[in-house]
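Attaching a single structure in structure tokens format; questions to follow.
Order of writing sets the labels: A, B, C and D. Residues in every chain begin at 1.
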Amino acid sequence: MFFALTEDQQAFAATVREFVADRFDLDAVRAVVEDPDGDGHPMTLWKGLADQGALAVLVPEEHDGLGLGLLDAQVVARELGAAVAPGPWTTTVLAAEALRLAGSPAQQAAWLPALAAGETVGTVALRGEAGSWDGRSGRGITVDASGERLSGTASPVDYPAVAGLFVVAATDADGAPGLYLVEAGAEGLSVRDQRTYDGTARVGAVELADTPGELLTGGTLSGGEAVGAVTARGAVLTAADLVGVAREALTRTVDYDRDRKQFGAPVGSFQAIKHTMADLHVGVTMAEHAVLFAAHALDTDDPGADIAVAVAKAKASDAAWAATGAMIQFFGGIGFTWEHEAHFFYKRARRRAPLFGSADEHRERLAALTID
Amino acid sequence: MFFALTEDQQAFAATVREFVADRFDLDAVRAVVEDPDGDGHPMTLWKGLADQGALAVLVPEEHDGLGLGLLDAQVVARELGAAVAPGPWTTTVLAAEALRLAGSPAQQAAWLPALAAGETVGTVALRGEAGSWDGRSGRGITVDASGERLSGTASPVDYPAVAGLFVVAATDADGAPGLYLVEAGAEGLSVRDQRTYDGTARVGAVELADTPGELLTGGTLSGGEAVGAVTARGAVLTAADLVGVAREALTRTVDYDRDRKQFGAPVGSFQAIKHTMADLHVGVTMAEHAVLFAAHALDTDDPGADIAVAVAKAKASDAAWAATGAMIQFFGGIGFTWEHEAHFFYKRARRRAPLFGSADEHRERLAALTID
Amino acid sequence: MDLTYTAEEEQFRAELRDWLAGSIPPEWAEPGFWRSLDDDESFRLRREWEAAKTAAGFSGIQWPTEYGGRGGTPGMKAIYDEETVRAHAPQTVNVLGLTFLAPTVMAIGTPEQKSEIIGPMLRNEVIWCQGFSEPGAGSDLAAVSTRGVRDGDDFVVNGQKIWTTNAMHGDKIFTLVRTEPGSERHKGLSMMLIDMHQPGVEARPLKQMSGASEFGEVFFTDARVPVKDCLGEIGQGWRTAMLLLSFERGASGVGQYTEFRRQYDEIVEQMRRFGRSDDPVARQKMANCLVELECLRYHAMHILTQVEQGRDLGAESSMTKLQWSETFQDLWEAFDDVLGPEASLERPRPDVDLTPYQAQAMWSRSVTIWGGSSQVQRNIVAERVLGLPR
Amino acid sequence: MDLTYTAEEEQFRAELRDWLAGSIPPEWAEPGFWRSLDDDESFRLRREWEAAKTAAGFSGIQWPTEYGGRGGTPGMKAIYDEETVRAHAPQTVNVLGLTFLAPTVMAIGTPEQKSEIIGPMLRNEVIWCQGFSEPGAGSDLAAVSTRGVRDGDDFVVNGQKIWTTNAMHGDKIFTLVRTEPGSERHKGLSMMLIDMHQPGVEARPLKQMSGASEFGEVFFTDARVPVKDCLGEIGQGWRTAMLLLSFERGASGVGQYTEFRRQYDEIVEQMRRFGRSDDPVARQKMANCLVELECLRYHAMHILTQVEQGRDLGAESSMTKLQWSETFQDLWEAFDDVLGPEASLERPRPDVDLTPYQAQAMWSRSVTIWGGSSQVQRNIVAERVLGLPR
């Protein structure tokens, strides 16, 4: 029994953490947040991540990747979350995962090396506007009878403006779901900036009008299974990001309240605050466990992977929501100001919590798996 | 603007409270709890309530009642809840309300004086087993084509074994709901003891097999409106009972923890406990307000009465659930023993919280009223 | 129970409603209107509108007529709160002066203070700020470091205040200053009324997480304050402050309920727009907010009754604060929650601008902090209402 | 990550599973079975079954073989916990002796204590009780009033203990006694091993709110305890107690998860029976319990890993306690909630007996109180894990 990261994985985490701390601290984050018209995709960070193999982590070795697992990838997601770092890392990794799982050897060869090297930014468009992540309420994009032309709108899509490759979930003329590749600049493709209050990301709607798209086919998975697999990986990587946000928010709050004095005593000595922090610590720790387990379950095709993914995303969403709300409350007024970093954490948690399925949606999924 | 009980109403409350404290204290409650095979209907209490007009409060003066309103009646419910007192007060009052609202002058004359005097115990059977209170999932009891014979099962019914009169919600051959009078001892009527862990009540299923029943008709309300009106009054009186339970549970816990010492200090000086108590106090106070408003809204046919009833029942159910759970936790181990009174409050709150619609059901009702 | 107002009060309502209908342009009712203006323009508009309101006789509802007030009843004040919200009237620019300072001056001010402060405030000729918090002190109002040293007929004041509403538009500020060197906590403080238009006073905006700046910081560097501009006795500033804060306790819940209930409907509207209104779980969350909102309404009627009966509300106002602030925060938490991924997008659709809603949701994080945090209020309820030991 | 057990451990699982299959009658798996027996009969059955288990080599899994244990790994202990729950094995009768006393005796007992205590305990020849709480003291274990006065080679002990598991079936009890008159709190205590079969010791059952009596009270009236029956140094009882409690920290979460997860399924079964399994709101509540249950499972694997790596768990065990106890309570709170009016009926239908479920739901109220209340555990996490000031 070994429920923990290996020394290699811990070292990888430390490398990413130190790189981000050195080269992309909160001042750098602030610069991105305060430039909402910018592309939110700082090259220093992106190149550094590429240099460390953070983009190649899941890509097979034959396509210039590291051939590691989701357990390794979540290490990066978590550190980026803790650093509230901007950029299209998650979506690029997910686009590569779509290719790895569902693409033909030729499709993989065409795209994976560039994605692994950070030369191409990838993104995924899996949800129709105001739709559900599992496609129950229909998908936003449909394919015409030729099987090669896509129309419709997907939202929210992260970093569509800098993406060179879009992996789009769409429903074909027979009603079957599948993943399609759409290249930036394709005919009829337009991106509508939706702007989010989370300044550590850039988000838009992707609108397709008779746009050429290529079905991902010939890989291990296809159709709805492929969509589900990418969504599940998106859920786990987002959960890891949220856990990073939550843990860092809690640590900063505890550190601050350990010293800050009110009514003649450190705020952190007031029992009501201590108990809130203790409960948050337990919750965040459980979310940490859950993300590790879910990543491992997907890596090993564990029969309980469906449950594990839903547990991890539900728990991480709730933990991040709670920890960042508490951060604002227990920093007192200062945590509510623009100058303070609390709102980076708070807004990132709020925006990401519902991505790839909210806590409620994942709980309903758990009910379907264990009650029906 | 006068949002409060009148001096008369406060005096009435004090009279009931003093009577119960004097003549039916927790030792008397315990005797009923520890005799689960007994009828749970102590005559000392019943006669005293009758003497004080507590059974006549809502009955019109022409039928030997006091002709007062639900606001006056909830005063009694609250005191009985605070005293965790047993007996069929609520159901008898509700049976009388059904007659007052939906019965003909003859039906009223036949039953109201006896109910007001406590000579007849009434009860109401509004729900089918495992059904919903609003009849959405169908009612347990149906009426045959003659309109005079009832069959089916209703549960839970309070105090069926001592009831002389049953007011039964049933669906007729055309699918229309209505209230029917069934007399104790009627052909085909049987009571199945379901026994509840709440020793301050006696509960059973009422099974009817081609049993003669008389439609309540000729009054102000009929059909589904009559069923709804009695259910609403049941919800408000139950909410009042739950508020009594909650307030008393909180007061006892605060009083105990003010003095009880642990780790060299009074337990009640620990901030985490203080804050829990403060939140409970706010919640119980709001529930108190809500019950007053709902009772008044029904008394005055306020157009917002539907919302008010749902708010009161949802809030009171939650408050009682929370306050009695906290009572056990914050009395420490002793609150968990049979010898201590905490479990009377806890079990009464748990059993009554879902009656006449759970908090969730009433919230869904509020959604229907304000979102749809 | 009698939840009606008197005929006189209803007559007042009719008059007020008439006046409001004639003085508030329809565009003020749009969610994004006030945010679309720049701060100065917004303030100017509100200031002018409110001066007109005073001229029409609809300010200082409960104040004695000798102070320019209407001499009305608590019920009229509740009606005023309700109707102004209903009519989409803008926020009062002199809110802290009107709520706290004016009644304190009426109670313990010198004749000069009464005549110089109250009338100009009511007519918005002088905008008052409040300087109660200092950096890092949070809800601990006795943690006063700002110090005043006597120099002839003046105090010379140095220090800093934070979380000052309308700091950038203020003319004067009332604030606690430590006037006895070496004194601690509640002792040795004086309540000063300080002219902000002097070289020794600088105000800076404090940008919030939403990007707006409702608050500011005020810095005192050798600011000069005539001794006569102390309110109450010198060295007894804590007593003045407690009197001042006691005027928070009123029937404002009626207005808050009206406002929050409208916000509930606005969120429901967005739920419908984004196909969330049929989701049973989202419905539960919204309905639970409604439960608490309705309780706030009943509570406001209860408080109004207490006020009309002349009862001292005391620590009960901590319950009011907890109920309104936690409910308001929960309501906007529900907004974030029930709208899912759309909630964080400024323009999820080209025709939908959610920024006013998002600003409200972020503002909702502050209400459990300022004016005594929820933690402080729970302490007060536990100790002063329930009698639990310190 | 490697969530598998070793081949040797899996071999152990197979053997244990075989033995359990052959030794546990099918009726023991029925929810109401143990409640249907009277206390003495139930205890006798469990005691005998467990003695047979010891004889078969399935007790003291991690104990050294010199003490009659199996000398197994932490993984085997986790497997043991999981398989016994899965097989519906009854609760251990000597649970507190086996968990706390035996390892303490192995660590600091005299040679005589080692030989006299451990073997007979393992074979259930002597049933041990624990006497840690005193009336009103709750989680404050240092609030010891029971006193022992030296009289020759004995102590004469007077006082009372409460919340003693199996008090009515105990042969001996380990308990803290104040042996230095006038000492306070953690000082002047001694850990005594007291024979309960003597005139000076009386045990009384303590009936719980469910009607069952898992606990009892033990009264000492001039009970005599030979000086040699102190465990650890006289006057250093607190140190012994802390060592003793440190053995609570283990991999028990695996067994708890297995048990609670089955209870989840049982509640789901009742939801189906009473038509509640399609209700989206009830589904959320149950699913949220599942989230916490699965987290408990992961946490158990994490803890097992820590133990295998030889790490000191320290205050982390407070997190474990919080997670399992709060989750267990929430699960049974959900039972009461999702079943609606049926939840409080003993026999909502003639063929359905809910009393075993109701007893479990009531028992769930106790788990956040005993063994260090949730409030005490949160203090420990805040102070010792997060480093917040006292």
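Just so it is clear, a contact is a pair of C-beta atoms (placed from the backbone, for glycine too) under 8 Å apart; a residue touches a chain by one contact, two chains touch by 3 or more.
All values reported here derive from a predicted model rather than from experimental measurement.
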| item | value |
| --- | --- |
| Comparison of B-D and B-C (more C-beta pairs in contact) | B-C |
| Inter-chain centre distance, chain A versus chain D - centres from mean C-alpha coordinates, in Å | 42 |
| Distance from the mean Cα position of chain B to that of chain A, given in whole angstrom | 51 |
| Touching two or more other chains - residues of chain B | 270-275, 360, 364 |
| Multi-partner residues of chain C (each touching 2 or more other chains) | 280-281, 284, 375, 378 |
| Touch-based graph of the chains, sorted into line, ring, star, complete or other | complete |
| Of all residues in chain B, those that touch chain C in their complex | 1-5, 71, 254, 257-258, 266, 268-269, 271, 273-275, 277-279, 281-282, 285-287, 289-290, 292-293, 296, 307-308, 311, 314-315, 360, 363-367, 370-372 |
| Sites on chain C touched by chain B in the complex | 1-5, 74-75, 78, 264-265, 268, 271-272, 277, 280, 283-284, 286-288, 290-292, 294-295, 298-299, 301-302, 304-305, 308, 319, 322-323, 375, 377-379, 381-383, 385-390 |
| Touching residues on chain A, where the partner in the complex is chain B | 270-272, 274-275 |
| For the chain B and chain D complex, residues of the former touching the latter | 127, 129-130, 137, 155-156, 192-198, 203, 260-264, 267, 270, 272-273, 325, 328-329, 332-334, 336-340, 342-343, 346-347, 350-351, 354-355, 358, 360, 364 |
| Contacting residues of chain C [partner chain A, same complex] | 133, 135-140, 143, 162-163, 185, 206-209, 211, 274-276, 281-282, 333, 336-337, 340-350, 358, 362, 365-366, 368-370, 373-375, 378 |
